[in-house]
Amino acid sequence: MTFSVEVVVALKPVVNDPQGLVVRDGLHRLGFSGVRSVRVGKHLELEVEGDDEEAVRAQVEAMCEQLLRNTVIEDSRIASVRVLSDAAA
Amino acid sequence: MTVQLAGASDADLAEVALTRSEYEHLVEGLGREPNRLELGIVGALWSEHCSYKTSKPLLGMLPTRGPRVLQGPGENAGAVDIGHGLACVFKIESHNHPSAIEPYQGAATGVGGILRDIFTMGARPIALLDSLRFGPLDEPRQRHLFDGVVAGIGGYGNCIGVPTVGGELYFDESYRINCLVNAMCVGIVEQGRLTRATASGPGNLVLLVGADTGRDGIHGASFASVVLDAESAARRPAVQVGNPFLEKCLMEACLELAGDPRVIAMQDLGAAGLCGSTAELAHRGGCGIEIDVARASRRETGMTPYEVMLSESQERMLIVAKPADVRSLQEVFERWDLHSDVVAVILPDQRFVVRDGAEPVCDLPLDLLVDGAPSRGAPGPRPLRAVAEDMAGIATPSWTPEEALLRLIGSPNLGSRASVYRRYDHQVGDATVILPGGDAALVRVDGTALGLAIATDGNSRYTALDARHGAMIAVCEAARNVVATGAKPAAVTNCLNFANPEHADVWWDLHDAIAGIAAACTALEIPVVSGNVSLYNDTGGTGIDPTVVIGMVGVLDDVSRRCTAGFRDEGDLVGLVGPVDAELGGSEYQRLAHGVNAGPPPHLDIDLERRVQGFVLEAIESGLLHSAHDCAEGGIAIAIAESCLLGDIGAWIGVDELGTGEGLINGSAGILFGESQSRFVISFAREALVRLHELAGRHSVPFRDLGSVGGERVCVSGCIDVSLADVRQVHRGALIERE
Amino acid sequence: MRFGIAVFPGTWSDRDCRHAVELAGHEAVMLWHKDRDLQGSDCVILPGGFAYGDYLRAGAVARFAPLMESVAAFANNGGLVWGICNGFQILCEAHLLPGALTRNSSLEFRCMPTWLRVETVDSAFTAGCARGDLLQVPVSHGEGRYVADEETLAMLEREERVAFRYVRRDGSSAGDESPNGSMHDIAGVVNARRNVLGMMPHPERACEQLLGSSDGMRLFESVATSVSGSGAMPVGAAL
Amino acid sequence: MTFSVEVVVALKPVVNDPQGLVVRDGLHRLGFSGVRSVRVGKHLELEVEGDDEEAVRAQVEAMCEQLLRNTVIEDSRIASVRVLSDAAA
């Protein structure tokens, strides 16, 4: 089966996010004065083959620990998992 | 099944940007109607961008031969002999249209494209330069374009590891809607490894290496050959996203193969993608080619043969090889994790055949395809020039000379470029001897004492006033920048950026500009070895001023003998080589003080120019100079201030020495800020004065001493007395956004 | 002595490092990322570049290269490993050095000269300097802002593992002249055993006056002296 | 009221995504051979003040058009909106 998995990688709350500050200031300059804060992270969309959702989740979590996030400064989470195709690999 | 066209409709022709008469010419040459794919292919190759149908007849004016020339125009880049068995390969190219739509990616892929033109010739790129023009910087849209373009150039060049060592940057009304992004690349190769893009040997195979082919950039070539309009937005997928890492791998693999006997020819994919590259490759070799689109790896599913042939996906390359060598070549690419497909075979007769698997989908005579576009002559007689704007009614500001100096040196066109070039890696390669900020960049050639001086120049205020004259000045100024380092000009590349050539005034400006380049290059004995033409920089009837960008390379035999632009030692004397005149036409002073571009551009005596350059070269060679800096925008006053800034030391200039006395103090801005040509500000030890006067006499050039180097102030006695720190502060802040 | 220079497909300081090593009178061998053999290197340099494109995070993919397994083992055995720019990023990603390198606070790439103050001489790389020496060495990076949690920073300071700090030309604190906004103005750190150094600036670009500075040469010489007890005579040293 | 809004900005499907290619190849190198494709985008987390969800959504959509996405090559969507605090601004 093929799954589509969304992963969100974001800086840990204690780490400075200069990019977020720049975006916030840019929004203020455009007149969006109601914006109180912005944090910028990464959004990954993976197409992964696997037997079932559980197995795929476990795999993607391993990918996060090994590559997708920098464990020193970033957190990650799986935002969604959905089946793309039922065909066996 | 191929669709036969029973006569193409106007809409069909508009889509491929062909005129009705071009279509009729095609049908006549073909002896039948083309099918839809054939029409698309012809449209791309007959576009202005690929066929040079407007400019080709004019480019013939350029001098292209010289003792150093190894390869003139016609290949991917030009090449000159720099001694030690080495060739210097270089070219400049525009990416104006894509950058106007998506500044980061447009500029980035422009850098990617010019790099490929250099390493396709087997040369390792050692330097990049960027020549940029935008509308007034105080407009948010211009700031956005400027930031994006600078980031894109850095993003590509920094990642691939080729230093961006120089370039230029102007802001002018005329680029408000059409910005210009020209990039130049210089590479080095052992002469024996110089690789050509000329296919040969029927039965030989063609490998397509690098990125998979996607739907990006389809119609890029015709897109760059039409006026930008509201509908351009609809064609937006024409934007390509560059992958500099992939290009790095491609570059290293191709360089590994430069001079390898297994490689018969190498050709990059640029405008019109697979279509343009395969056609040129075969045409240069006088053979034919048969492409099977089914064999090209795709990034997307469901692509038609038309899309595969016209895709302008970046980071791809073609290699021609004997069938027996293909596998071993593929192994070289695999080492760099690059995928390659055999997509074509060389034919004995000059046909351009495309198959989709077993099905033939296109069969065109190659000559008609590559050379058949009817060339376009003058669209009308030479229009009468409008009379230059009358300065009489325009108020002159009450600036003191000091105020004028600070305003000029803090203006976007004259201010410090450090905030730009610090975003470019300009040192990778351990070879950049003269860093950005001076006149030409100077790059050492690995394994030799040689230095290459490299500069781009082109002041469009002069070409706007007089295209021929302005183009001549552009060549002279580039040469002056090269000469200021002590290097002797070797050859030129050029980028001609113009508006819609279907208008007679634009066409004649193009004509005159090329004639001007030819005249100056002939007089200075500097051949043109490569170049690029970018037309249709015109949106909704608003076109750019004619803009000629000259890229020049000079050779310095021993880098240790280089000269730099900054004043050096306390107590040195300052001298001016060349005329003292008061010409404000076309000057930056005029722009800032009067808000116009009017009057005749500065006078140019090409013979004096040659003598002045000869004098400076000999003075540097003889070790007489401590600095040399050409006088350009902003005139003598700015040149002196810049030499102070670069050397971090002040200077004192006597008014009498400028030969003006009272006139200057009474506000004659022309002497201080006028942009008379053929001038250098030099500095030297007192002891050198007599020999310099002798030398000047021998070269018959005007030479006068102006004052001396020292202290921490910039002074012109009686009219300017400002601390260097203040000058530095306004200079540094010129491009920085003020909140 | 022999310097091994790692070459990933996106590495571009490899040739510059070789140039510096050879100028210092030593031998350079290039180590391909797909190989495991360190070819008897006395010191392995991980040079600047964008190892595997580094689009996700600098150094993130490179740490898994076959060559890096050998480099990690070599480092854990006390071998000298010197990460420069991208090499520093890789060493942090591989957890051979603490902390992380993030986007410059300006969000812009920066190529410019910097002045470094030598903060420790207790390492093979800096033994030839004196504490407080100023070195002029250029930087060239978009992701060089060193970050670590408070505990790690305190440990680095306590154990004197900050190798270099960005300062102004006159030696005073960098302040807004920092090229990247690093915490504590950190430009380079060593590991606990002091045999692994990571630094963002490029000493290999500061090996000749012709190119603006020769201060970087002192680090190459320092490594050589530490390895052989007496550094080889640099080519051209007599000039 | 204060809302937390998540926005996902991703390259349009036809646009080349070199970053995704490199991550995919990196995952393959690590042995995650079941990964068929990766696309990398941005994930923004905004804190915005507004009267109600509808108003905030409209505002954030305007921000996307004006600043958050590059309209030439990127698409964007609001992934979630939730109330952070009920207090009037």
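For reference, chains read A, B, C and D in written order, and residue numbers begin at 1 within each chain.
Quick note on the criterion: contacts are C-beta pairs under 8 Å (C-beta built on N, C-alpha and C of every residue); 3 or more make two chains touch, one makes a residue touch a chain.
Computed from a predicted structure; not experimentally measured.
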C-D or A-C, whichever has more C-beta pairs in contact: A-C
Farthest chain (mean CA position) relative to chain B: A
Centre-of-Cα separation between chain C and chain B, whole angstrom: 36
Distance from chain B to chain A - Cα centre to Cα centre, in angstrom: 41
Intercentroid distance (Cα basis), chain C paired with chain A, Å: 31
Contacts with 2+ other chains: residues of chain B: 243, 245-246, 337
Where chain D touches two or more other chains, by residue: 18, 22-23, 25-26, 30, 40
Overlap residues in chain C, where contacts from two or more other chains coincide: 52-56, 60-61, 64
Residues on chain A engaged by chain D in the complex (per definition of touch): 2, 8-10, 23, 26-27, 30, 32, 34-50, 59, 62-63, 66-68, 79, 89
Of all residues in chain C, those that touch chain D in their complex: 52-56, 60-61, 64
Partner chain B, residues of chain C touching it in the complex: 9-13, 15-16, 19-20, 48-50, 52-55, 108-112, 138, 140, 142, 202, 204-205, 207-208, 210-212
Of all residues in chain A, those that touch chain C in their complex: 14-16, 18-19, 22, 42, 66-68, 70, 72-73
Chain B to chain D touching residues, read off their complex: 101-102, 105, 211, 214-216, 236-237, 239-243, 245-246, 299-300, 313-314, 337
